[in-house]
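By written order: A, B, C and D. Residues from 1 in each chain.
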Amino acid sequence: MRTLIQGGSVVSTAGERRGDVLVVDEKIVQVGFDLDGADSVIDADGCLVLPGLIDHHTHLAMPTGGTTTCDDFDTGTAAAAAGGTTCIVDFALQTDGSLKRGLEAWHEKAEGRAHIDYGFHMAVTDASDTALAEIPDLVSGGVTTFKVFMAYKGAFMVDDLQILRVMRSAAEVGATVLAHAENGDAVELLVREALAAGRVDPVWHGRTRPAHVEAEATSRVIHLAGWCECPLFVVHVTCEQALREVQRARDDGHQVHAEACVHHLVLTEAEMARDEFDGARFVCSPPLRTTADQEALWAGLRQGALESCSTDHCAFTLAQKEAGRGDFSLIPNGLPSIEHRLNLLYEHGVRRGRLSLGKLVDLTSTTPARRFGLAPCKGEVAPGADADLVIFDPERPVTISAATHHTASDYDPFEGWTCAGSPRMVLSRGEVVVDDGRIVSAPGRGRYIARAAG
Amino acid sequence: MRTLIQGGSVVSTAGERRGDVLVVDEKIVQVGFDLDGADSVIDADGCLVLPGLIDHHTHLAMPTGGTTTCDDFDTGTAAAAAGGTTCIVDFALQTDGSLKRGLEAWHEKAEGRAHIDYGFHMAVTDASDTALAEIPDLVSGGVTTFKVFMAYKGAFMVDDLQILRVMRSAAEVGATVLAHAENGDAVELLVREALAAGRVDPVWHGRTRPAHVEAEATSRVIHLAGWCECPLFVVHVTCEQALREVQRARDDGHQVHAEACVHHLVLTEAEMARDEFDGARFVCSPPLRTTADQEALWAGLRQGALESCSTDHCAFTLAQKEAGRGDFSLIPNGLPSIEHRLNLLYEHGVRRGRLSLGKLVDLTSTTPARRFGLAPCKGEVAPGADADLVIFDPERPVTISAATHHTASDYDPFEGWTCAGSPRMVLSRGEVVVDDGRIVSAPGRGRYIARAAG
Amino acid sequence: MRTLIQGGSVVSTAGERRGDVLVVDEKIVQVGFDLDGADSVIDADGCLVLPGLIDHHTHLAMPTGGTTTCDDFDTGTAAAAAGGTTCIVDFALQTDGSLKRGLEAWHEKAEGRAHIDYGFHMAVTDASDTALAEIPDLVSGGVTTFKVFMAYKGAFMVDDLQILRVMRSAAEVGATVLAHAENGDAVELLVREALAAGRVDPVWHGRTRPAHVEAEATSRVIHLAGWCECPLFVVHVTCEQALREVQRARDDGHQVHAEACVHHLVLTEAEMARDEFDGARFVCSPPLRTTADQEALWAGLRQGALESCSTDHCAFTLAQKEAGRGDFSLIPNGLPSIEHRLNLLYEHGVRRGRLSLGKLVDLTSTTPARRFGLAPCKGEVAPGADADLVIFDPERPVTISAATHHTASDYDPFEGWTCAGSPRMVLSRGEVVVDDGRIVSAPGRGRYIARAAG
Amino acid sequence: MRTLIQGGSVVSTAGERRGDVLVVDEKIVQVGFDLDGADSVIDADGCLVLPGLIDHHTHLAMPTGGTTTCDDFDTGTAAAAAGGTTCIVDFALQTDGSLKRGLEAWHEKAEGRAHIDYGFHMAVTDASDTALAEIPDLVSGGVTTFKVFMAYKGAFMVDDLQILRVMRSAAEVGATVLAHAENGDAVELLVREALAAGRVDPVWHGRTRPAHVEAEATSRVIHLAGWCECPLFVVHVTCEQALREVQRARDDGHQVHAEACVHHLVLTEAEMARDEFDGARFVCSPPLRTTADQEALWAGLRQGALESCSTDHCAFTLAQKEAGRGDFSLIPNGLPSIEHRLNLLYEHGVRRGRLSLGKLVDLTSTTPARRFGLAPCKGEVAPGADADLVIFDPERPVTISAATHHTASDYDPFEGWTCAGSPRMVLSRGEVVVDDGRIVSAPGRGRYIARAAG
């Protein structure tokens, strides 16, 4: 099977450049002009041809706080694909004390359901000797990144000693540690105090997790990683203060990487203050911040301290969110956003002059592919790479709505927002999975990717 | 009883200035020239008349790690007085879960033994609701400062949530929190690893508590205090990295205070590497650092980020130190230094051009008096103040030795060091307690000072 | 002549303390209780007894831009005294290329006119070999501080090479360099552009001298001084950005000193935007800034990066200010403020909780006396010091007005402001110069003070 | 003409990737596998296929200090090509007060001589109204970058006002300002003092241009550019202190770009101290620094604050260097290095683990092409781009020597150094210009490139 994608502009980190792409079976084989011998032709006239996006921060079918995120690997990856994402790295959780059992559980969740390729990070919630001893096997099995939570005291949170132990073990086998950086003790205190004072509305979720609580934890985990000489990736940096800590460390030569998540770039804390419990739709951790923080994040993406942009997709239904009516601390934390990243970044980043096209591709595909061990198969439109491609039409407007989105959530935090451009077609390993906005792939075609160390 | 101290130069924070001092009973009544009506005259010709030093960081008769510091309130305060210190603030420990019982215990230890006046800080090692509820009563009783340990995991160490709770409670009643800033989790890991690798000598005490471990905790506790709007005093800053965190916070307008301790100014980590377990004599926490750190500390004292200089006197005998032969982690932590602060600061500070005389007085008396609620009685040579006075002769050389010192410890970390100047006489509330190097006071004359909030 | 000041509270940097002061002729002889043998008694009941303030930044009878500041040494020092200032250090200017001739000229201006004691700084506006060669003689004559202007291009401004040469020469003889830090080139460009665009109103004075222009010059002059190992004093720091540069340098151990001036603490840029050319009354350089800058300055005074507070008194009449109607760049730069510093600092500093009383005395008297070589005669209420004293009544309200002030200017920038406290009496070397707000001294009684190196 | 480059690994900023390259005439037309229809085949087996390097900082045939750099556009570009550089941007100088005349002069120098493509920056040494008025025409003519010198007082140096005027004019037309950042006044003073003290040897060149002199100017020019909102490119950052200023500005969101030059990465100040005037061979400005600075620069390249690496090729013969025997200040400033950049960066960067291959391409080709308006023709191995290609053999060792190099200089600062890899072949617009180390092109084939704004 030889498919020619013709007439588009191929985008790399260096920018866009006219050129056709010849796909043979699952792979890109040629890029250039006057390519021939194709069985079929996809017209990309007027379109950008992007490497499929990688979403290295998703939470599908994840049990948390007595419920489970509402997207499984079928609905979640379908929504991802609809938005131009062709590979995810989902967070598996340590299960019954074991990392291996956790990994097995996540393989089961994904098996037969995914529309696109996927890998796993592993969250370590109890750094026991047993668990740490499993790390080398996980790395051999393609799980080369281990997450620690500095927040969610009493649940996922681990103390500094545990973090250090994970880092030591990870560093020995070349793995990277990912950190959710908020001072969970401070959050615990502020939440207790707020509830004791009768402050139960969703807006208090944000007020009990202020920016400096994130900044302190960011600074601390950078120190911890430095002591262990362990590569560190700080997930979801949300505010200027935390960004400053990342910058300071990088200026000092520390091997610290960090991302921003798309919702923190375009939504603000004002959403949490909506009437009638509507704020609950926007409850996530770390919480939404100010417009000044947004601008700092955009600048950080341009300047390089933030190297990638994922979604932290963690979807719940409105019914699930109801659990926290009368007590904000019981609202499940997370937003559905897996489907909208490309459209939002193009609209709010590229069209508003905050990001170049090359930078968009860098942030969402090329750099994540290299950081998370998915290169050289993923991350570029180049001969030899998987034919994971987005035919993005900058003049195909869409209006976001729960009525049309593909996630299982019954609301959309971006309801009614319009984006000027959107994918016309999405290919995964040469197969069209999205055509004119419709999912045309079957669940289960996506494959597990054993990842190399980044 | 009217005593005239005649012919000396009175030192204040503004510098030295010729002048006589008239003491009536326990108080200074006049300063100036042509004072008369004295019953007796003390000749201070060629001498500096300093306000008695305050040592706001001592550990007398303190149980720790299965033993007890070897100086009680008799030997400890005698040694203090011999060195020009006329008031101490000692650390009482929470006892049987209770702050009040701790305070009672320390009152008992001091009662009938002290040669000079004393107050207490209270160390909170378990921030239970009960303990926190006792704080207001302690403040009423003159204990206005509460210490938390971020190190000594499994013993004194409390987690961030406990620290925050102490800070909240302290802030409500205008009290100050003191912090021992080292990341106890990191120390725990490094110690375990060192011992597992057979590294058991005293030098490993220092190597398992590196400077950045102190810097991180310093940064963190400043954040914690900021969140609680609680006045913070960081005890024993020992290294440039931690100092930088204090400076950064102060530049940002945070109400952060900090001290250096005298041994960190004049001894280095090289001492811990001495042969034949001799390094154990120098084991303290945070440990001795580098000469570069020493210079940074001296600069910090001049520049203002470090506002005072105490001793952290925590004395053990060589027999007690033996507990850690074969396992450095069991060496009792601490040095005897209560007696030598003035002589060492004059020798290594004033004579070497690092400190002015006014600054010496500021660091050791005037500022501690105000910070720790001992002013206006203590901290100045001024009418109305207690007649706590040091007649310091800059040309009265002494050689430090365990053979002549007054502490109960049987070694001296400064053995054989010579200082050009030393106290000729020390008065406490008008009474001569030290005369020509001899203790002439009786135990028990010292009084408890109920301190105001700083 | 023996005068007893009875019943007040003497204020030192360490705070206030009840006590009487015995003055014999020109000197303070005793401080304390039960002092006797006085010929006369001044009742200081309910009052604070402060060391007379030092104003180390004044411009009396100074030719500038075709005119001359309207206060001479008679009116200027009378106004100073009325406000509790008992010593000034005025800026002499290099004259006809010579520092010596400049000094002679200023001696002539002062001779027979001053009500209080005075010294001189020397401004070097052309660092020729001849001028530099005069520096040692000036130092011998008691002028130990040399000022350079980094702004006023085409007038006072010197380039970096000249600044470096002054610093080299000053450092050799232990003198200090004072710097007016604004990038004069940037100001020149902005002024030209503003005028070319028809922006001629007083408000444009401020807009053409933005904060970062001061910050850059501050950073630069700190570098220059560092290269020459020359003590540096940055005059009139006005904004947070410049303060940050001072803090950064001090944290790094550089010997950098800096002051704030009182008008920058209490007035904002909004004044320059007043209607009808009224803004011209507030035109000074660096210009008035924002309320955020004010708070940063207050914090800097508390934190220590700003060590003193002077006035930069540089008075003009409204007629003189008229020169700049239609062209803001021709408005003479400066405000009359020499009389109000103490009242304003007490009102806006002490009463509003921004400064302690001890800090006020430190900033306005004790530290300037030491920095500028006026100690031990000036700067303290202590035996042996000159009896320069302010009997300050915290409950003696005054309303500031041109109708009642003592400067020769015919307007007052603080017109109508009320201060709760004010001096009841001011003594200079034992002589009452101000009594109940009236000047009772004769011009010419003030003496020149040859200053030591700081 | 259709040429197939077969069997190599194509390198982009994203890394290396197997693939063939089809060149048709001057352009790359296809990249991939199974390309056919070629007239000829170049065997790239075992080789890396890099985009031709861009050297955006060269000084060919430049008059300076009474002499002229010894490489003209023939020898200089031949040497460049031999080292894998296929495009240079040379510095034209304002001539007879005019930018246009300067540009004409440089066009004449280049015409008929260049082996590879070239563009021009324009150095503004007198920012007169006339000169500034020429800027728009130069931009139209493809000169979109304007350089200012903050050093070389009395020669190229301009003051801040002139820099600001250039920046204003440049910013208006979207041009970028390049700055040589050293405080020329400080250098002037230090040089005068050194010569006066009889310090005339080459080593004093470095000692009179210390790192902080560069750091101050770097900080200042960043401020100046910020005030004018003018894009800024700091040339040849050489030391950690200057790098810190760039980082600080970028962290704050300023649009500041900067480069390192290859000699500062691999040579140190020790070279200037060689005996017998040999140090003169290494005299350049800013001077060579320490090994610590080198590591800081490598880290800055990785971390992103330094975005590119050029040569600052400025060649002289030993006879020319003799001018400064007996007076280091007369030694012509500059080194020949245009030929060795790729080999040195591969050896000291890639092979020693300091740079990835993708980063090397980014620093030397892709980013310079975009920054300096040479993209999309230059900077990538991609369809549509000029066929400027380097067939780099990582196992083709070379030993650098004046006996074999192509520059007109009669010495080589890297004499005797061995590099493991080197170019096997270099193509410029499809034509082989270097084959197995030999120049096979004729002078004059290189074309002028009118550059767009970056």
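Some notes on this structure:
Going forward, contacts are C-beta pairs under 8 Å (C-beta built on N, C-alpha and C of every residue); 3 or more make two chains touch, one makes a residue touch a chain.
In this text, all values refer to a predicted model and were calculated from it rather than measured experimentally.
Minimum number of contact steps separating chain B from chain C: 1.
Chain B and chain D have Cα centroids separated by 58 Å. One finds 39 Å separating the Cα centroids of chain A and chain D.
In this assembly, the C-alpha centroid of chain C lies 51 Å from the C-alpha centroid of chain D.
Taken together, the chains touch in the following pairs: A-B, A-D, B-C, C-D.
Those residues of chain B lying in contact with chain C across their complex are 12-15, 17-19, 22, 28-35, 244, 247-248, 250-251, 253, 296, 299, 303-305, 366, 370, 375-376, 379-380, 382-385.
Across the complex, chain B is touched by residues 153, 159-161, 163-165, 168, 183, 185-186, 188-189, 210, 212-213, 215-216, 219-220, 223-224, 226-227 of chain A.
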